[in-house]
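Below you'll find a set of structures to go through.
Shared chain: subunit A. Partners: subunit B in the first complex, subunit C in the second.
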Partner chain A sequence: MKILSLTIVLFFSSVISYCDENKTYEILKNLRCLVCQGQTISDSNSDFALTIKEVVNEKVEEGFSKKEIYHFLSDKYGDWILFNTPLKKNSYILWFVPYVLFILGGALLYLVIRKRTEKTK
Partner chain B sequence: MRKKYLVIIYSISIFVFFVLYLSLGKNKVYTTQDNIGKKIAEVQLNYFDIDGEFNTKEISNFKFTLLNFWASWCGPCRKEHKYLVELSKNSNLKIVGVNFKDEKKNALKFLNEMGNPFSILTKDPEGKKSVNFGIYGIPETILINNELKILKKYVGPINSKDVKEIEKIINK
Partner chain C sequence: MLSNFGITVSIISLLLTTSILYLSYYDLKSSGNNVSKKIYKFAFFQIVFTFLGFITLIVAYVISDFSLINVYENSHTTKPLFYKISGTWGNHEGSLLLWINILVLFSFLFLILNKNKNKNFKLYTLIFQNLLISAFLIFLLTNSNPFSLLYPIPTEGMGLNPILQDPALAIHPPLLYIGFVGSSIYFSIALAALISKVDSKSLALTIKPWVSVSWTFQTLGILVGSIWAYYELGWGGFWFWDPVENSSLMPWFLMTALLHSVLVLERRIGLYSWVIILSILTFTMSVVGTFLVRSGILNSVHTFANDPSRGLFILSFLALMVFSSIFIFFKYAPDDNKNYKIFSKESFILANNWFMIFFLAVVLIGTLYPVFLDTLTGQKISVGPPYYNFILAPFLLPLLFLMTLGPKHKWISSDMIGIFNIALFISVILFIIIFLSIKDSSILMLLILLFSTYLITQTIFDFYEKFKNKNINLSRIISHFGFGMLIFSISLNQIYSVEKSFNARIGDEKNFQNYTIKFNNLETFSKNNFKSVKGYFEIIDNKNTTSQNLTPEIRVYNQPEIITYEASINTRFFSDTYLTMSNISNSDIFNIKFQKKPFMNFIWFSVLLISIGGILQFLRFEKKI
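After this line comes the complex of A and B, so read on.
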């Protein structure tokens, strides 16, 4: 019985630690190393990256959510530290212009095709 | 109809040109200047050579505070140190030093050689607490008023021009 409960405890603790590691890795992959050339914090071994890795590890262990960690870091270093720019008032153009251009392009294409088919008729 | 297409194509081209013009004209050097105007984070920093902690809330007791992040191993810190010593003579300003990822012995040697401009000296041996201030390299210097508001942030060593700017603010 004791062995069984010990196995269960070990199993769940390893699952939790695996989930935490995964979460930390995901966060670090979405953070930009501010002192490197286009590297993520996860890929970099710079002094800055090592410090941020430790801070993120600590925050994950303390139970902070991904969103809270991103918010903390973007508050200190700006949105530039995030690879996935959050949807904010000043980033509406960035998020919506591709869709608007896609729709406009589609409409233009439709008009051209309709005009040509009318002509051939 | 052809005219219509031309108008659409021209409008899109002007828009793309406008977006490129705006984005290419932007300063590409990364700074944490967005922190100006924000309140300084409330952080407990360990004193450098005595037991106890300095809470950044205590900065409200001083008219103006210069929070300087430095280390003995940092070349640019050596370069800016004489300016900090010069500023330390101003009675309107308290300079709080944060010794960053440094060896105590080396830091003390540095201060003995170059002078000690710090009214309060604290340490951040792991560099983790400095993240709360948006520090990503040293030296960095933050000018704060007694409402705990960040007035200026200098990334890299301060120079004579910065000293004049700081003096202009604190002597108002």
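After this line comes the complex of A and C, so read on.
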């Protein structure tokens, strides 16, 4: 019985650490290495990147959520560090204009085709 | 010596260009149905002298003539000959010279390949093309002269950034430039067509081969750039939505839209103005791309050297170009008056254009928004892959669906085609098989897999049907099949990629999932222009007990002094194994990054297929004439 429970505990703890690792990767992939040219923290070997990797690792181990970690980093280094642009007042245009354009384009296309279809009748 | 020769040759090119402008302008008024013989002669000398300028610069690089600043800044005597040559266009000034050479080449080819076209149409095209050529020659001579002298003459050059010393990157700029600059000729043709009131059919026939050619080269250029990024930059990805990558993709969207619209113009004599607008926009976007890359306002992996005054020149040139095009367009644009029904090929081609313009808009906004925000408010934000994936991925579904159904419709009008056919049935079955073998994935990803499978199977069915009827449009089938394969392989690549990074010393062994990685040995050696630390690793796949040996390197180049991390990649048919290592300072510990990248070969091959479609379209066109 003891052995069984131990196995279960071990199994789950390994699952948990595995998930943690994935979470760390995901976060590191979305961070910009500030001292490099357009590289992510995950891909960079610079000292800055190594420091941030340490920090993110620690935060994940301490149980912080992704959102909290992003928040922590952007407070410290600015939004420049986040590749997944947060939805804020200054990025509404960035996030919404594409959809508006798509709809406008569709409407225009519809009008053009309808106009021409009428003419064929 | 070479400096004087190069400058003289470039000035002669400029004089010849202005002479062609002058002659063409006067030839407009002359009677007679043919372009004056003189213009042919001048055009011939123009290409000879421009080409001579380029050869001069190559020679300067080959013999390492450091009296030229450009050679001094970008070359080195110990550099292998191949990279001395490719180094010619690996920098701003040299690539500008290449750009001008292609402009002139296309101008010349246009002149000699269109003997039977309307005279004024040809002359106007020549005038616009030569206006572009003279603008860039002036830019070259006044701001970015590759032949500028340096005194005293240094004994050794500064060297070329080692990550650029690579076969893929040697051919990447020429390919991309043929695409970019190739679009100049249909920019000129479009404006000339407006002024000389050429009819739709001859506009379509004149433009089409150039569009196919530039589109094919642009596609290949992007492919080669991606492959380079994949093995050279060491992060295991092939597309980062980096601003410079985006700059090459934006004209591609427009070329794709144009490639489709030209079909309508040719067959159905519709969309005249729209084709003109697209032609103008494509070259404009190419210049915008160049501006973004060369001015250095973008923060990117590719910003090697830049300077704001270049940006200013390109920007003023761009403004002038756009405003005069708009003026010419509104002054001369005719009314379109062609009709078709909703479920006709025309509508589907317009839908293609709708999506291409949308994709273009998203990439343009994503690339420029941070720049504008920074300039206007001083707030710095980053727009990276998560943004593009989030916005663009859902739109792949309707695009794939339209690509499946669109080509089956007839011109002018046809009934709505039933989608419940055998191809859909087969793709659903295939999809279920894939679905059952995937552990976890998002619904969007699964839907993309389903729709790309549908496109692939439907295209195969189309091929079979057309093959039976001997009425085959292979170019469309191959390109659409390639696109389906591309999306399919990228999705599977995303789902099945494995990544693991860890620290290790020599002799360490790391176990995870099904893999065992052994760090066996470390060796240092030195070569002509770099020193290297090479790690020997053995990777054992415990599932099928195969093992492979990988040897990532850390290289320290001496000229210029740069550290690069060389990935070691073992390519198998279905999957790549990708290993990089980096040292952790002041220790004997190395950071090892292991990646399993499935379907990489399929991704490259799909893009190759897409571009083969372009070549076939070009050949098909040639045969018809």
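The criterion applied here is as follows: the second predicted complex is superposed on the first by the 121 of 121 C-alpha atoms of A that agree within 3 Å, B and C clash if a C-alpha of one lies under 4 Å from a C-alpha of the other, contacts with A are read in each partner's own complex, and residues count from 1 in each chain.
Going forward, contacts are C-beta pairs under 8 Å (C-beta built on N, C-alpha and C of every residue); 3 or more make two chains touch, one makes a residue touch a chain.
Keep in mind the model is a prediction, meaning the values are calculated, not measured.
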Touching partner for A:82 - first (subunit B), second (subunit C), both, neither: second
Touching partner for A:101 - first (subunit B), second (subunit C), both, neither: both
Touched partner set for A:52, first subunit B, second subunit C, both or neither: first
Subunit B versus subunit C as contact partner of A:35, first or second or both or neither: first
Per-residue contact with subunit A, leading partner among subunit C and subunit B: C
A:112 touches, of subunit B and subunit C: first, second, both or neither? both
Subunit C-contacting residues of subunit A that also contact subunit B: 47, 78, 80, 93, 97, 101, 112
Residue ranges of subunit A touching subunit C (in the complex, touch as defined): 25, 30, 32, 37-40, 42-43, 45, 47, 50, 78-85, 90-91, 93-95, 97-98, 101-102, 105-106, 109, 112-114, 116-117, 119-120
Subunit B contact footprint on subunit A (complex, rising order): 34-35, 47-48, 51-52, 54-55, 58, 73, 76-78, 80, 93, 97, 101, 104, 108, 112, 115
Residues on subunit B engaged by subunit A in the complex (per definition of touch): 1, 5, 8, 12, 19, 30, 32, 34-35, 41, 101, 126-128, 130-134, 136-137
Residues of subunit C touching subunit A in the complex: 233-235, 240, 242-243, 299-303, 338-342, 347, 350-351, 354, 357-358, 361-362, 365-366, 369, 373, 377, 379-387, 391, 395, 412-413, 499, 565, 582, 584-585, 591
